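What follows is a structure written as structure tokens; I'll ask about it next.
Labels run A, B, C, D, E and F following the written order; every chain starts at residue 1.
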Amino acid sequence: MSWALYVGRFQPFHKGHMYALEYILERDPGVIIAIGSCMTSHEPKNPFTLGERLAMISAALDDAKISRHSWYAVGIPDVQIHPSWVQITKALSPPFSRVYTNDPLTRVLFKEEGYEVLAIPLLQKDQFSGTEIRRRMLSDEKWIDLVPEATFRLIERIGGVERLKGLAP
Amino acid sequence: MSWALYVGRFQPFHKGHMYALEYILERDPGVIIAIGSCMTSHEPKNPFTLGERLAMISAALDDAKISRHSWYAVGIPDVQIHPSWVQITKALSPPFSRVYTNDPLTRVLFKEEGYEVLAIPLLQKDQFSGTEIRRRMLSDEKWIDLVPEATFRLIERIGGVERLKGLAP
Amino acid sequence: MSWALYVGRFQPFHKGHMYALEYILERDPGVIIAIGSCMTSHEPKNPFTLGERLAMISAALDDAKISRHSWYAVGIPDVQIHPSWVQITKALSPPFSRVYTNDPLTRVLFKEEGYEVLAIPLLQKDQFSGTEIRRRMLSDEKWIDLVPEATFRLIERIGGVERLKGLAP
Amino acid sequence: MSWALYVGRFQPFHKGHMYALEYILERDPGVIIAIGSCMTSHEPKNPFTLGERLAMISAALDDAKISRHSWYAVGIPDVQIHPSWVQITKALSPPFSRVYTNDPLTRVLFKEEGYEVLAIPLLQKDQFSGTEIRRRMLSDEKWIDLVPEATFRLIERIGGVERLKGLAP
Amino acid sequence: MSWALYVGRFQPFHKGHMYALEYILERDPGVIIAIGSCMTSHEPKNPFTLGERLAMISAALDDAKISRHSWYAVGIPDVQIHPSWVQITKALSPPFSRVYTNDPLTRVLFKEEGYEVLAIPLLQKDQFSGTEIRRRMLSDEKWIDLVPEATFRLIERIGGVERLKGLAP
Amino acid sequence: MSWALYVGRFQPFHKGHMYALEYILERDPGVIIAIGSCMTSHEPKNPFTLGERLAMISAALDDAKISRHSWYAVGIPDVQIHPSWVQITKALSPPFSRVYTNDPLTRVLFKEEGYEVLAIPLLQKDQFSGTEIRRRMLSDEKWIDLVPEATFRLIERIGGVERLKGLAP
């Protein structure tokens, strides 16, 4: 029985993502975490590198006692020729059958290639979103409750809030 | 204490690579397996996709009872501006301190950026090399002894030898 | 006597484009239809692939009894170094002498290279525009009158309106 | 009933290609001529631009009285991530069902995506090949018999033999 | 004693830039003028080519009697993988030690790589800015006082104001 | 009266290049030194970065008492679509009229765009060539006589011979 693909950008990895992974793992035997825009970092909307996002995700899943045998993380770059994105994801990832995403473009492209694409029920979308978390970081509001502790630790260690503020126009 | 970086192309993952990983894990607390030319596949010298190489490697390390908490695999693309390769590897990977590689360019670039770069003692280089394994596949000679069983299983399942023969000029 | 170049994106091909082609063919012996942003598709402003746009255009011109010996269609990619666009268009296209376009960048670049660049009198620009047609598709307003029947047939067959709605943010 | 795809580089378009097109048109209702490496020109192995190759092909097929309603020519760029080539070809081309090619990589990639891929019986491969024709051009041997008259006319007009000699190392 | 790096886009080179260069040359023995987005031109926000910007800068510095032995100008392209920007700048430029810039991304990236990054006190930022100068050019307001005479001469010669107006949407 | 363009890779800058520059400056009022493959370094055939080549060239020309007002150096990247190379060189460089080069591709491309292209009489080509100098560096033969003293000093300072040996396969 084959694994699921879960596509996101994880800027940063937050509790909504954690909830989504638990939701998927109740339904599928394992999940490939496809980290989109993997080459992009140091931008106001994409502050963290792939390496930093990988480190957040694996520490958070370890803390949650989710076995490393039930997930795998891979970076997927943005592509200029959109229809090639499905093939490129297949080439860069271990095999998967169905796809979980709330991203419009990802949904359209995988559906047109015949995949079953499922939405993820969102946990309080107005709060558990990267956009909201980055907004709070910039305005010194409380954002720590919205992320796993492992995400917080990594952002502290790399000076992530300072980076984000430094990148603001 | 920080992890090591081990750079290779793994076309395919063979027993020499397995030996190198064991050698590194005796000296370092963990190893990041940097899979070079990660976007390249379906070429005579690079037949397997990143996804296929990730699948080979994780199955082989599982079979060898090496804990998933002591290694992490990431794909690294080729870059056109060579001096940027070190920074790109750092951006795409969890943190590492020293580097193991036998590749000349990788060695020069990381050394010029101040990294300690170590060579890996090779296990019978004339046999345990991707070049030799691909040569044997093309000429129907025995190659199975040179790879972990997990590599063999994956190549069987995807029809890897047929692909390689189909790509021959 | 040499042909004209007519540059557009054709997202989708509509009656304004058809009118422009007829206008050009009254003045020039033949027209090269340069389909810009040819690698771009599956975006809200660029929903259709080059292949789909080629299929729309040739069916519509066939329906209009315009001989295939009086036009030729080629895709032209976006380029990052703008001054190279003229040379790239020349390299990817059969020969042409003068240029018809209403696009500011295309006009500036070809003029700076010494070409005669002509504007196209627009047929009710508020209606016969890709922007307006895509807006109507998204809001379920009537758009069929604005395109040749061949464009409508192709969009029906590929589920183009559903694609466009699926791509909306 | 759907069209066939015929993949080649056509450097230059020669009588072997003409024979292949006639062979395909006896079996399929129409053929999409996919001109590979479409961005490449001014190299010893790829001397002609896409525009020049399009001009050769359409003039030669016109001379042979092959209706423009039974073929369509599109340029296809080289891609770095090989598995995406099939999707990119689909995006840049009108629809096709089966594929004719003698190129190893094209055959492997389309087969892995489930396409029927057919070889083309070659007409005296030692003569009717781009390599042989370019070799004769460089050494001032007779090459005119190997190409349709339209190819010869175009190469004369653009000074193609002089270009090829100028590019020789 | 090593030179400073001064990063800007210089669209166009104005008196604020000239003031910055004089400010740096009072503190450092020489300055490398890093012209960012060097491949970008013919856009409303980036109208001038690198060649045009190099010509403006060297004529203006000559007019100001600043010796060519105290500055050097190099173009630096935009990069997609931001963390590689520091390395790429180092590879494309003669050696430098500290960095002057007011650009947020440049400041963050060089700081993360351990460089001393200094801001430049701005001379009436509301006037001496490329944005303001381009705005005045478009609306036929007086902009000549804001630039060195050499910038004005070059823009006159190339028809720069006409280009900018032609590019307006 | 307009300047000349002199195209080379300068890996490294040697006495043959110096002789060529003196030859050009006897005939033209100034020369733009176009440093090709400017993004390429750390390869056996292209060991030095653009920054290193710029440093060699300016020091050598200073030593030779050639005024900085009679030359200008710019980097030019390799391009994939060859016909765009002329336009890109024009965009990245101050204006020039005629072109000096011994490179076949450069000669063909500039000639096809209507430029006067002149060859440079070579000074003992078997010795004064980058290929020969790099060969001698690798085999510890005497190469110092073939380069200006400034080139030697820079290669010493950066450890250039060690880099070249480290890159050897």
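The rule we apply is simple: contacts are C-beta pairs under 8 Å (C-beta built on N, C-alpha and C of every residue); 3 or more make two chains touch, one makes a residue touch a chain.
What you see is a predicted model, and the numbers here were worked out from it, not measured in a lab.
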{"item": "Each chain counted as touching chain A and chain F at once", "value": "B, C, D, E"}
{"item": "Chain whose mean Cα position lies farthest from chain C", "value": "B"}
{"item": "Chain separated most widely from chain D, comparing mean CA positions", "value": "E"}
{"item": "Interface residue overlap between copies chain A and chain E, same or different (over half shared)", "value": "different"}
{"item": "Where chain C and chain E are represented by their mean Cα positions, the distance between them in whole Å", "value": "37"}
{"item": "For chain A paired with chain B, centre-to-centre distance based on mean C-alpha positions, whole Å", "value": "26"}
{"item": "Between chain B and chain C, centroid-to-centroid distance (C-alpha), Å", "value": "47"}
{"item": "Two or more partner chains touched - positions in chain D", "value": "39, 41, 49, 81, 83, 90-91"}
{"item": "Touching pairs among all chains present in the structure", "value": "A-B, A-C, A-D, A-E, B-D, B-E, B-F, C-D, C-E, C-F, D-F, E-F"}
{"item": "Contact set on chain A toward chain E in their complex", "value": "39-43, 49, 163, 166-169"}
{"item": "List of chain B residues in touch with chain E within their complex", "value": "79, 81, 83-84, 86-88, 90-91"}
{"item": "Parts of chain B lying in touch with chain F, wherever the complex brings them together", "value": "80-83, 104-105, 107-109, 111-112"}
{"item": "Interface residues, chain C side, partner chain D - complex", "value": "38-39, 41, 49-51, 54-55, 58, 62, 68-69, 72, 74-75, 77, 90-95"}
